[in-house]
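One chain, subunit A, appears in both complexes that follow, with subunit B as partner in the first and subunit C in the second.
On to the complex of A and B.
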């Protein structure tokens, strides 16, 4: 399974060479800093690929194809889990995804995703958010389709029980409680077994407190665990593999994200069952 | 046969190793006492799991329909579990043999030698002057001595069973989750009642916290089978208090009572002595009391005229007024002064110990003749609580328990 998930990530990262030139210099320097940053860097521009019109590949036939072939065929499909139908720009706007923080709190790495500032408050560019969100959902779907473990993380107290309930209902995992140092990096001694890691971490907010980045972000980045993260204007984008710029404080927005992840994960599980992927 | 309990063994045990398997005597030092904290339910035996470990295909080159892929973590766990099982099997066998040896030493029948007999024999053969009982030698079932292993937390595919596995304390945090949602449900129904103008129905629906208290940290640890810290315990209590303080909390009474213990009710129930009716309709209740090293057997007769007989004498058995007053306190609190006769057999100790022992025994005996509210009153005034203080031992290099030898610089 690990190999097939690796393929998903590879596929998501395969970007035409001419696009990479468009990268700004500071992004390039970021990419050198850590491995996961380089993953993130390539993934950030990949939506351009994502928007390209690709050749429609017929749905694989599980009865005739082997497992590998089935999985590969789903990767050729442009939008196997129908994530493009899940949300529109208008939906994002209605869920107040565009509302950022006070401009003074802006994190430098977020500047490419900011549309502008109104009355001292940063507004996130939803036209960039939408493809990134769709890409993140697509990756989530593919990982779940291959039987990967998804871990939901959030430190937003207002929605904490809802996030945990979401994970429970989906048959996935949640960690919305205080993060013990080394939960990933020192897991064999903390859990007393060989380490078990989730295949994908979904951060519905990458901040632990207002001032600190969630330690899970750092640890996942160190262990190359792919991460999907909702990044607000005060958050660091760099350690996140699939950043989705958006408001991570309003309950409306958070419930909206949860709805999206729920839909795509259910869809992926349904497809997994229908295609007989084991 | 005596090798198992030779002085050499005892010395080696003190060094922290347990070389003697014959009798399996270990000193329960601090390390052993902490067993209950971080270990968990008895290892779930996976007989077929071990078999699969060997039959699992090591090369994945030829995938077959029946091949079971076992995650690395699971395989490691299975190896650990097998090692643990083997070790415990050996230890149990040693324990059984040791028990038989001990029975032979004591000249008793090895087949009917119980754990109580073992304890008695160990106390006889290895008399220990160590103050703390837990530091004295013990011989117990290995499952009580060795830390228990946690059962596997994840399946063969490496997916954890619990949806909060990654929080390290899944049982604890999922309980918090449960409390939160119960509170949310109560809030919802409160809102609904408020909207329907039925607020008056809410009265008297709150949970009554009297006569019970939250389970202790240790009990919570045992229940959760997780290493919960003080901070997490406090958080748990805070959240529970929030649930209890809701006006509709009575609806969750069963859930709340799972995490509370009703202390005094149980104590009082069990402590009430039986009443014997003598000839002529005179009732008699007997109870015992202890204080320091004194023991007292107290018989209370009702109706009576206030006679008090201690070892054949009356109250003048105690020359000082303080002790006489001590004896009368239970009678005054229960308002039975002059209405019952008391007969006491007291032995050992000095006047303070004897008076205290009689007071405790008398209070317990009186429980047979009083109503529930008076019992509660007696409990609150401390009459039913045993004074656990004992004489503190003398320390070497000192004159007494605390007192040091006289020492002047020069």
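On to the complex of A and C.
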């Protein structure tokens, strides 16, 4: 297993950056950047294994202890990326995050996050949304800070170009096209290579169609990948690791979430550079 | 990655912890997110709500009263935040009077209507609208009938002594050219035929 990963890493190092390794038509792209980070990460864990594979030894980096210490120190910080300054309750309200679906479409698991029903339309409790959103952003920041790969998922045609552009700008990945069964769980036979999985899946909408949950939610859960998801009042909260109750249909709201994720990811990368975490 | 591919049992954190404890995954091979999720565990889900209340405001009742009495005063520009709709002005005026407590509660509605009418707002009750529509429908039906027949009924002929001096009141504008030809009596024929 480890040896084959090493081969994939080697192959990845020899191809130009931003080349899609998994499969272009499935829009699940991997770039060398993340591969090389994971390589470095692995190399620090088991340097002997890399020497066996006759990989050229990467440039010397700070000792594992100091790296671990830096990473643990950042975890002690309550709000290392300043996510609490990013959004206020008023911003959420202005972005129409509180507007839910028709009460008849309510998912039973969403009931604790609903404030009330206004003329047959559910209103989401923003006072619960705000801390959940901040926590989700904080976790996103920390995972990116440690060199994790982020995958944005959405099935809304209207925002598809925005999400893909956002992912490209950030150097991360997106999957906004129809989800082929087994994209995560059966990827080695689908793409013909050993897959590199994202460290975090961000669902800008957890519904695939109006009737069913995105298959990616289940598959991420099966493969132990944490998920951050915007859950509307008609969505299932339970399979999402970090649910953020909020409107997932209005373009204003989606733009707002994307703005938040963009700022926190950029900030995390900046801090990663400044702190010299490799 | 080692794992059972179960997706509903426990959480991803508890499952990975189990794998680490059993030795299926070594401590140094743990994924990046493990420490982060350990440090910031997801908040526990609050207990489900049995009854979700309906959201109502005091002004809702004022609005209901307004719409039950008066017809919709027309479209409102939602993009323009400066101009208040008639309904909004009504509600604001009502609540202002209610706070002042200068007017007894049972007369609050009439007082608000009076103030708005003084301010130049036209309010049409449902009865007025219905009557106006009825008279319009009647006019239209009458015109259609007479057009189908081509000629007017005998009793409305101008030679008839009974109708010779009557004037016709119609909600539709009457063509002035036709009325000018005979000032004292109305030539009804001219109203329904094309002027030559």
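Here is the rule we use: the second predicted complex is superposed on the first by the 213 of 278 C-alpha atoms of A that agree within 3 Å, B and C clash if a C-alpha of one lies under 4 Å from a C-alpha of the other, contacts with A are read in each partner's own complex, and residues count from 1 in each chain.
Keep in mind that, in the parts below, a residue touches a chain if its C-beta (ideal position, glycine included) is under 8 Å from a C-beta of that chain, and two chains touch if they have at least 3 such contacts.
None of the values given here were measured: they were computed from a predicted structure.
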Item to check | First, second, both or neither for A:167, with subunit B first and subunit C second | outcome: first
Checklist entry - Which partner does A:142 contact after superposing on A: first (subunit B), second (subunit C), both, neither? => result second
Checklist entry - So, does A:134 touch the first partner subunit B, the second partner subunit C, both, or neither? => result neither
Checklist entry - If you stack the two complexes on chain A, which partner ends up touching A:225: first (subunit B), second (subunit C), both, or neither? => result second
Checklist entry - Of the partners subunit B and subunit C, which touch A:192 in the superposed model: first, second, both, neither? => result first
Checklist entry - Touch check for A:123: first (subunit B), second (subunit C), both, or neither? => result second
Item to check | Greater subunit A contact set [subunit C / subunit B] | outcome: C
Item to check | First, second, both or neither for A:70, with subunit B first and subunit C second | outcome: neither
Item to check | Partner chain(s) touched by A:154 [first = subunit B, second = subunit C, both, neither] | outcome: neither
Checklist entry - Once the two structures are fitted together, what part of subunit A is touched by subunit B and by subunit C alike? => result 147
Checklist outcome for this item: Given the complex, residues on subunit B that touch subunit A span 71-73, 76-77, 150, 153-154, 157-160, 163-169, 173, 177, 180-181, 184
Item to check | Touching residues on subunit A, where the partner in the complex is subunit C | outcome: 41, 45-46, 71-72, 75-76, 103, 106, 108-109, 111-118, 122-123, 128, 131-132, 135, 138-139, 142-143, 146-148, 185, 197, 199-200, 218-219, 221-226, 237-239, 241-242
Checklist entry - Which of the residues in subunit A come into contact with subunit B in the complex? => result 147, 149, 151, 160-161, 164-165, 167-168, 171-175, 177, 180, 183, 190-196, 198
Next on the checklist: Taking the touch rule as given, give the residues of subunit C at its contact with subunit A in the complex, in rising order.
Outcome noted: 1, 3, 5-8, 11-13, 15-16, 28-29, 31-33, 35-37, 39-40, 42-43, 45-49, 52-55
